[in-house]
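Only one structure is covered here, and it is reproduced in the block below.
Which chain is which? They are A, B, C and D, in the order written, and residues in each are numbered from 1.
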Amino acid sequence: MLRIGILTSGGDCQALNAAMRGVIRGLSSQRDDLEIYGFEDGYKGLIYGNYHLMTPDDFSGILNMGGTILGTSRQPFKRMRIPDENGLDKVEAMKSVYHKLQLECLVILGGNGTHKTANLLREEGLNVVTLPKTIDNDLWGTDMTFGFQSAVDIATETIDRIHTTASSHSRVFIIEVMGHKVGHVTLHAGIAGGADIILLPEIPYDIDVIADVINKRSAAGKKFTILAVAEGAISKADASLKKKEYKAKLANSPYPSIAYQLADEISQKTEKEIRIAVPGHTQRGGAPCAYDRMIASRVGAAAAKLILNKEYGYMVALIDGETKKIPLEEIAGKLKYVNPDCKMIQEAKLMGISFGD
Amino acid sequence: MLRIGILTSGGDCQALNAAMRGVIRGLSSQRDDLEIYGFEDGYKGLIYGNYHLMTPDDFSGILNMGGTILGTSRQPFKRMRIPDENGLDKVEAMKSVYHKLQLECLVILGGNGTHKTANLLREEGLNVVTLPKTIDNDLWGTDMTFGFQSAVDIATETIDRIHTTASSHSRVFIIEVMGHKVGHVTLHAGIAGGADIILLPEIPYDIDVIADVINKRSAAGKKFTILAVAEGAISKADASLKKKEYKAKLANSPYPSIAYQLADEISQKTEKEIRIAVPGHTQRGGAPCAYDRMIASRVGAAAAKLILNKEYGYMVALIDGETKKIPLEEIAGKLKYVNPDCKMIQEAKLMGISFGD
Amino acid sequence: MLRIGILTSGGDCQALNAAMRGVIRGLSSQRDDLEIYGFEDGYKGLIYGNYHLMTPDDFSGILNMGGTILGTSRQPFKRMRIPDENGLDKVEAMKSVYHKLQLECLVILGGNGTHKTANLLREEGLNVVTLPKTIDNDLWGTDMTFGFQSAVDIATETIDRIHTTASSHSRVFIIEVMGHKVGHVTLHAGIAGGADIILLPEIPYDIDVIADVINKRSAAGKKFTILAVAEGAISKADASLKKKEYKAKLANSPYPSIAYQLADEISQKTEKEIRIAVPGHTQRGGAPCAYDRMIASRVGAAAAKLILNKEYGYMVALIDGETKKIPLEEIAGKLKYVNPDCKMIQEAKLMGISFGD
Amino acid sequence: MLRIGILTSGGDCQALNAAMRGVIRGLSSQRDDLEIYGFEDGYKGLIYGNYHLMTPDDFSGILNMGGTILGTSRQPFKRMRIPDENGLDKVEAMKSVYHKLQLECLVILGGNGTHKTANLLREEGLNVVTLPKTIDNDLWGTDMTFGFQSAVDIATETIDRIHTTASSHSRVFIIEVMGHKVGHVTLHAGIAGGADIILLPEIPYDIDVIADVINKRSAAGKKFTILAVAEGAISKADASLKKKEYKAKLANSPYPSIAYQLADEISQKTEKEIRIAVPGHTQRGGAPCAYDRMIASRVGAAAAKLILNKEYGYMVALIDGETKKIPLEEIAGKLKYVNPDCKMIQEAKLMGISFGD
């Protein structure tokens, strides 16, 4: 009997189902004695013992289905060591469920926070294999996460649509793209969508530089300027604040998000009409793109192979186009930021894209 | 020589180019002596004499191109009789340009406001043929406007994407759909996208009814509730205000739009986490859907036929699936609202969709 | 207890699931005592008693899912009166299953053939309500069938994609669109996609006219010509044959389909390089478009209303944008063809589109 | 003055315009004295001196436009050394045009054949920079070509659509994917689309293995089997023929393409109904996907940098996610095949996908 548990944790994204399908197909093609425990809503299901006994058929027909058939929730790593409101020790609870079900291993799909807890479970002696999921592509140890390209596709389509309306009227358009800490999605979508200005958390902006770009475009007869702005974009002034001060400032901000603040700042420096689009959670939803389905299937199958070989404690990464196993302890707790000096940004700047710096 | 002027006015939408292509192909297939004056940015170009002399080839290859190759702008009807900052009489200016160019007629593509001015020009003796453009489908005299179905498609896709993420987490989602005065887009997209609650300007909502729906769904084990909300959705309380009072209230509102206000109201009545998506101008942008291209081509060709027959003073409408000419004086100044008692809403209610009333 | 049976029959299409969901939601919002029998693979399931007892939840989450969750098959009306290979009388078998399950009524989703059998069942005393499904939109008694607009969208997208490659090279492109007997999909997609030549079963073509169009375009400096051709397009010569002779000719044809034959004919009359695209069954597949989901939901809800009112023997039609009940005996056995003299074709011709006649 | 020539050659694909835009924006952001000669229809324009003098603005607004604004044609490398029908020496003609226009360099976008001629021009002393274009991703020296991911997306969407119709009926479906010599597109789309069997030119198939997979799926209760088949898929028997013999066999084949042959072979070994879809040139057409626009922009900008640095004789490649210059002599004449033993195929096999071997 091969008994595995599986769960999806953190913000949902495209291709979670494709990845799980990859794991289960990889296992069931080799083993007839597979027993699958699907935990509901991420670590929550593991903590409180909410699970379904599932068959390989339950993972059939879900390759291009958005979301996750298991459900997910955010369970902050920081609070894993803090008992819940009933005094339950969450880590012990998870271990207890794992052992009670006599699991051979846990397959965990998630992003940064998820990987910290996965590593903790590994340290506690559980057999764990993980898969790199996040639209942000900010997971250390892998070139690519599934969910990222789908999010880029959607953000790019948003910019495309705005382009036609921006060309018809004379306006400045701000498209707010997901990404609080890292700007990979904004950078890719901004280039793919032909944004004129791209603002990333990693490159603080100077509002005067932005106003200058807008005014110069206007003077050159360009009717519109399009800004692709990450949720976590930050001005140079704000970037110089202490983290605590900035958090306090944000908490008291009259703006629902950076796009609205930026619109205000720009309207003080230019005379342009400004419009805002906030695609929000649409960037996480819907059918995964072909690329994400392909890499999700691959890392899923590679995870199956690790399990069949009893190799535990790894995340399956994609490095230079190939699947590779990376020890969990090397990944947990690190973020992969956009390097402001990378070739991609140099190339974007050469094409005349401003980063507001 | 057949000399025509053409312009697109008001908010841009999909299939404006397709419609103009239809007109020009319809004329150029019959007349070799066509002379086309394309006015820039709507009535503004006509007022100030900004135009290009164009050839039929300029209208080739634009069938599926979003936006308008002529540009557009909003020129409120109310101010048409008010001289501009230099004392220019706008109506006289338009007539003067028309006569100077010795135009046989003007082809005008636009929505409600545009039609009021078009009718004014007709009253002033100009030959005018118009085409019904607007994403809102609120134009009197036609069953359908081009731009509408494309906007519905995009709003529906937004709801679809939100659906997958809503199913994965446990949340209430508000999708704000374009429509300040009328709710056609929200109604169609809400049904097509499977929204649980649809809020329209024409049916004021009761927040307690909404909270009740959300809580009942929750109690029945449904993880999420999705609201499709028109920009102009309004509570019963606000609907009972005088128009002036409500405008003043809106002007002082701390919320950028109704979705944010509603989120606040719901969070006071339920304990749900709430997320907002505002696709905004994306609903006007990008390639028109097949349906809009088809009807835009048809009304364009029908307009060409009117011109070839020297029949002026009409809008080309779509009624019961056929193109028909409707006198401009019958259309101008009327809005086509959603009828709260129509069959479509009855059917939606039978399917269990709440309109918050 | 309200016991209903439901089945989908004939070629599958988009929005079958949406329509069934509409029926079930419409019933379950009013009745707690609903019992649903879903028959597998169309009439086959009814004949042989293959069914599932289903709950309203089984019809949840399927609004934008392609295909049909019940499966479908083609059971020719002609053979309904002929016993099967084991001597089973199919009509008696269906009645027997219906009565054994004590059904209140049958909900049947299908096209032309399906409606003939549905009418037969009505004549045999069963309570029947039907819904108009087919990509061909050739069903008598309704302006619109669900599945049609989705098929038009896909065929149009195919023409769009071919357009860019056709513009880059210098070629003649033939896109074969579904439609053996009627040309509605080809006509709509041809106009929406900007085809230069549209060939329909209802308008026999003259190859010399086609060659002439191609050569004239070439002479006028146009690099390419695009033909949207219905599967059932037919030359004037072939159209003059007796039906039997033409069938025999087709059976012996060296060409897999009309596109290949036409390519040969064109290459004998012009010197152009020719390319063929046959999207085939892709036109029936994938998520339904917003329009189809909306109308499928509406006719589904309207069918629920009929059942709640115990009104049987009707198809729910869409006429002038509203749902209406049409007696089955008025529909069965009639096809709705493209009228070669309709306004839409006149408008297309005015835009310079050739129909090869 | 910086005078450059630019041309696109070979089969068209998505993102050619995006790549050219990248080059021109990269140059024009640095140099005011840019003079651009755009050659029509590939090397043909260079041979016969057909060109336009273009401005940077001509390359604006084309980022997401399919096809190539310059046109393209296939000019076989083999015949470059053979005079044309008027005795013109093509290579000398190209050099002559290049020198007459006093070009600083040529920017050439193309695939394998194109690169052979580009290398020839380099050997003849011209300054050449090239960009890797092809849907096949079979170009030696780069991990990725633009056009590839867009083609994969379209082929995957085709498989998706077929999936829903295949699930509704009980059938075997063959989707023929572009790729005469290499199977990258088929492999990626087959995995992303969830094909059950993938047939590539690099892995000859055994029809008995295929029939066995189909029959076993049927026995296990699976209603359908989907085959993703490259145009150049080949049976083991045919693969053992001499190349000449196989070519002769193909030339006399009664089948328009491999899909039709395979359908015949399968129907002799199973009793399944079989359907075929041939998306054909749709795989090359339409707007490029975000990924292709991003990499096309990047290699374009990187090419601009080479030109600004006067580094000639290189193709800009994408290796491990970064742009790199690769000497043309290392690339020309080599194809990048799918390695039958690569990890991706191993992973696909572990997931239960058959390659018919």
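One rule holds for everything that comes next: a contact is a pair of C-beta atoms (placed from the backbone, for glycine too) under 8 Å apart; a residue touches a chain by one contact, two chains touch by 3 or more.
No experiment lies behind these values; they were computed from the predicted model shown.
Engineer: Mind listing the chains that sit against chain A and also against chain B?
Structural biologist: A chain counts here if it touches both chain A and chain B, and no chain qualifies.
Engineer: Measuring centre to centre with CA averages, how many angstrom lie between chain B and chain D?
Structural biologist: Those two chain centres are 41 Å apart.
Engineer: Mind checking the centre-to-centre distance between chain C and chain D? Centres are C-alpha means, answer in whole Å.
Structural biologist: The computed centroid separation for chain C versus chain D comes out at 35 Å.
Engineer: Approximately how many whole Å separate the CA-defined centres of chain A and chain D?
Structural biologist: Distance between chain centres: 31 Å.
Engineer: Which chain B residues reach two or more other chains?
Structural biologist: 157, 160, 167
Engineer: Pairwise, which chains touch?
Structural biologist: A-B, A-D, B-C, C-D
Engineer: Tell me, which parts of chain A touch chain D in their complex?
Structural biologist: 22, 25-26, 28-30, 61, 63-64, 143, 149, 152-153, 156-157, 160, 167, 188-189, 191-194, 287, 289-291, 293-294, 297-298, 300-302, 304-305, 320-323, 343-344, 347-348, 350-352
Engineer: Which chain B residues qualify as touching chain A in the complex?
Structural biologist: 8, 11-12, 16, 41, 65-68, 71-73, 154, 157-158, 160-165, 167-170, 173, 223, 254, 256, 260, 275-286
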